[in-house]
Structures are given as C-alpha cells and as structure tokens.
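Take a look at the structures listed below.
Each of the next two complexes has chain A plus one other chain: chain B in the first, chain C in the second.
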Partner chain A sequence: MVITSPTLFARARGGDRFWKRRRVVSLSAHFYGRKRNCYTIAIKYVNRALRYNTLARRLRKSDVRELWTTRISAACTELGTKYPDMKIMMDDSSIALNRNMLQNLAIWEPRSFRALALLTKSRQEVGLNSLEGPSPAGVVTRGML
Partner chain B sequence: MTTKTWNLFWGSNFVRAPLQNGVGRYVQQLQRITFKFCKTHGGSKGMREYIEKELIGFARENPGVVVYVKPRRHRSPCLKAEYLNGGEEYISTHVNTCEDIVKWVEYLRGRSGYPVERLRKYHHTDYPSIQGPWTPWIHRHPGINIKEYPCEELSAVQPTEISATQKLLELYEQQKQQQEGVGSTTS
Partner chain C sequence: MSAARRVQQWATFGRMWYLYDGKWQNPLESADKIVPYLDGSHKPIFHPLNDSGDHVVVINSRDIALPGDEWEKRVYFHHTGYAGGATWTLAWQLHEADPTMIIRKTVYNKLSKNLLRRGRLARLHIFPDDKVPDSILKNVSAQMRQLRPVPRRLDHYPQEELENFPKIFDWPKDHVIN
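And then the complex of A and B:
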C-alpha cells in the first residue's frame, strides 16, 4: 500500500553516529584514560596515530636497512674484516648481494658468510689476480679452474 | 576505513597451508556449502537460477563437498562454506546474478579454511637454514671445548692494532716480494 501523504517526503538521515564513533574508538582501544573511551577526545589522538602510521612507512625502510647494515658489520667484525672492505671485494668480483641477502646469510648460512669474509681478507693481503706474492690459501679463483 | 584499520581489525599472519596441503597430495579443503534463498523474493532470483542450472554440475564435479540447499521465507540469499580445519566463510548473494554466484562458489571452492588476513611475508619455510643458524661458537675453534681453565693463551690480551714491530716486518716482507717480482720480470 502506497502512503500518499507529505510524510513520504521525510528523509531518514543520519543514524550513523554510533557506528561512526565506534569505528574511531575501536582504534583507540589501547590508549590511556579518556582517550580510549570518549569520542571527541579520542578522535584527536586516533588521527595523530594514523598520521604517524603513514609517515612511518617511509621511516621503516631506512630503519630496516640500518638494522641490516648493523648485522652485517657485526658479522664482519666477528670474522676480522670490515663491511666497507667486503663491499669493495664484492664490487670487484661482481657478487651482487644486497644487504637483505647478506644479513640472511650471516644469520642462517654463517659458513657462506665466512667464505665471503675470507675472500675479503685475501683480497686485502695481496690482490687476488696479482702476479706478486703467493696465491692466498683456501681461495679458488676462476683462473685456477 | 583505512588500510591500517582494516589490517588491525582483521589481523595478520604468515603464509600457511593446513597440514602441509599441496606438499604431497592436494586435498580440497571445502567440506560443505549451504545455499540459503527465498523462493519468491526478487533478491534470490540469481540464486534460484544458479540452483536450477549450475548446482547439479557443481555437485557432480566436487563429490567431496556436501551441498545443502535451504529455502527460507523472507530471508536474503547467502552462501555459507565450511572447511576441514573448522574455518567458515559467509557471503551474501542478495541481488546477485547467476554468473556472480558461479564466481563466488568457485572462490569458496578454492579457499583453505584460514580467515582472510594480511600476509606478513609472501614466503614461508619451515627450514630457513641449511648450514645451521649462527651460534656464538660457530666461527670459533672447537679446541676451546677441551681447554683447561684458567688458560693463559685465551686469557691473553687481544691486540686490536698491529704493533710497530709487526708493521715493520710486514713492510719488509712486501718489499722483498716486490723486488723478487721485479727481478723475475727483468730476468
């Protein structure tokens, strides 16, 4: 049955206030005090938290890269070399391993990382392909094979 | 809703397969699927069409799946899938065409029972290391295991810089090799 009266033109607006506030307050569940329960207070801090989240996406990349570098440097120091020297050696030998892979090797495949460190040390003592001096022990170069 | 909200609410997890499914034999994870619809309401039209045309084909192709059909008055149509590991998926098919429902059913057929979550990494391995992970003793000489302590050798000071005497000796060695090299090329 169609209602033919002015009430037809009444709009049902809003009704979303509770759900809108719930969406915001659910994000502040771990905040302190009124910031976690009261909407008008929580919305400010939730906005700040979300803003920090978007900014942190860029920071995370540099933070993680720094962590990787720290790990590789630590592993190099344990084996008696330095990361800059290792980078030079890898450059010359065209070993294309990035920081991510190097730190994974240092943690999960330590003997492979030790091989890289030995290569670095050998290269420093006498150049690998140089004709001066004896060939370093325990290192196999392409020319030998 | 932002992506961050979505991920916080729905959770995140690593890639996994129930009971190493697919490593050996692949077992279809869908256990039963329920088609709920109304016989008269317009929103269930697509669902009714699907049941008339496609459902029997689906049931024949998937003998391991139990199919339930529930006609319920005044209810909107939906699909409910249950999986072998206890997971469930609910999809509302209100005012969906038959083709849409075909696609949804195919989607449910291929899922494992795990909920939809952000994947923290797209790879997973139970054996991340072949050589064995790093320990503090992996690069140390195994002879330290049988040393008697106190040991003078190990308690000695580790020099970080080479002494002047050592440096001079190294320089001497280098010079000697250079001279030998020069001698060998000229001769």
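And then the complex of A and C:
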C-alpha cells in the first residue's frame, strides 16, 4: 500500500444504498402492507421467504412425486386396473419407466398407457402353469389339490 | 386451434356432473367414493390448484344406511359460538331434522382440510329423494356405480314370479309357525 499524500486517503465508499434496498423490495412486491414497500420491515420477510424457498426445494420433490402417483392411479382406475398391479407387471417385464414418464404417458400418450394397462390385466389372467383355476382333465389328484 | 383439437380440449377439461344414488348405501363409504370426484383426483390431469373437480348429485339421501348401531351412537357436534351453545345431536335426530346433513358433514370431513374445501363442497348437490330440479338434471352426464348391491324387496316381486319360483318344500297348510 503506497499512500504518498493525504489526498490519496480519500476513498469512494458505499453510495449504492438505494440499489441494495431496491433489490430487496423488488422481491417483496407481492407482500401485504408495509412489508411491500418499507425496506427495514421488508428485509425480515424477504429473508424468511428466501429461507422457505430453499427449504421447499426438498419438499417439492416429494410433493411432485405424490402428484405423479395420484395421476397414475387415476389413469389406472379409469382403465380398470390398479397402480400397484401395474408396478408388479413392470418389475416382472423389466419396463423401467419412472413415475414422471408414466404420468406423462397417461396425459399425453393415452394409447401407450392403455397398452400398459392391458399388459397388467393380461398378467393377472390365470396362466397354464398356475395353481389357481380348474385342474386339466385326466389328472388324478385324489382331492389333495 | 383446429376443430378436432378444440373438441379434445373441451372434452378433457369440461366439468362433468355425476349422479349417485345413496339408497341403502353407507354414507361413510360413499363419501370415500365421492371425494375424489369433487377433488378431480380421478383424472390424470389432476392438480390441486387446477380446479379440476366435478359436480356430484346425490339422490335418495333420506334412505342412506349407517352401519350397526351408529344411528343411536354417532353424534354430531355443533357450537353456536355463544356461551353454553354446544350441542351434541344423535345421527337419527339430525337425519329427521335435515336428511341431507349426514352426507354433507361426512363429505366435508373427508375433503382435504384447506381453503378449497368449501368450494368443492359447493359442487355437491344432495337431495333427500328422487326429485331433482330440471336445471340440475339437464347437466347430469354420468352415473356412479353404487358400492353395496341393493337387493330386491320380497313385496316388490310380482305375484306370478313368486308362484313360479321353483320350490323343493313348503309347510303344510295347517302347520303353525311361531
């Protein structure tokens, strides 16, 4: 630091109080009352709002996932199946579609979603190798099956 | 927007009016069925702020069937706001006074507890019997299936069907049944 004369001690400091406050008060434009316009009151509520915003980033993930699940189960019920059954079918058939994609299909690609619902229903039908349903004719079980 | 797209838009976002016959149905189970239709959560385009709910018209609310001894045991609380203004009314007393209240209170309790609840309840129209005003009947576009099957009453069967029904055995004419 080389200050060789007293005039060089003078510094230009601050001067942006107006713009600092404007930056804060612009974030409170939709608040009620003096919180909207007065800086010293608004700064408290703007800080609170920004805190809520950062905390809500975690909550948004679970909220949006819940919305997707509601939409998918609504679409499944419309087509006569259930979402848990569809999940089992997708696990068995290695269809790796997440909830986001499924709800987009349900809204924008209804025929593809209908194909998934039909797959679910066909999987629930009694197959040849199943122990449910009637035994084939000519099999001696002596009432044990 | 092309005509086909416009039709698709109206068909997707149009508000439906469903009819539900509450005759001999459990109001608690019926409310579980009705609430998703009022929310809009029976639609894949659901969002809580989307206003995607539908109207539900409930008829024959006088003939609902609470299970077991709930008519004598279930109580509904009301407070007028003034001192000493708390009342506990039994279900049968409330039903006698206003046959639409039980269903209305049940659905109100099952809707999500936010500011959208009253708007959604306003889309529920309850009538004690079959008489629905024409202005509402004109809008009804679909019917919801009942939860419990309503059996036919023996005195509602025609006489010749009763006589022609196959019988293995009948009591002798002079037999006294106590």
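Keep in mind that, in the parts below, the second predicted complex is superposed on the first by the 118 of 145 C-alpha atoms of A that agree within 3 Å, B and C clash if a C-alpha of one lies under 4 Å from a C-alpha of the other, contacts with A are read in each partner's own complex, and residues count from 1 in each chain.
Throughout what follows, contacts are C-beta pairs under 8 Å (C-beta built on N, C-alpha and C of every residue); 3 or more make two chains touch, one makes a residue touch a chain.
Since the structure is predicted, the reported quantities are computational estimates derived from the model, not experimental observations.
In the overlay built on the shared chain, the residue A:Arg114 is in contact with chain B alone; chain C does not reach it.
Put simply, more of the residues of chain A are touched by B, taking chain B and chain C as the two choices.
By the document's definition of touching, of the two partners only chain C reaches A:Ala74; chain B does not.
In the superposition on chain A, A:Glu66 contacts neither chain B nor chain C. Of the two partner chains, chain C is the only one that A:Gln103 touches; chain B does not reach it.
Looking at the shared chain after the overlay, A:Asn53 reaches chain B, while chain C stays out of its contact range. By the touch criterion stated above, A:Asp91 is placed in contact with neither chain B nor chain C. When the shared chain is aligned, chain B comes close enough to touch A:Leu27, but chain C does not. Shared interface residues of chain A (contacting chain B in one complex, chain C in the other): 75, 78, 106-107.
Residue ranges on chain A touching chain C, taken from their complex, read 67, 70-72, 74-75, 77-78, 103, 106-107. Those residues of chain C lying in contact with chain A across their complex are 36, 41-47.
Residues 23, 26-27, 50, 53, 75, 78-79, 106-112, 114, 131-133 of chain A are the ones touching chain B in the complex.
Within the complex formed with chain A, the residues of chain B that make contact are 1-2, 4-5, 8-9, 128-134, 138-139, 177-178, 181.
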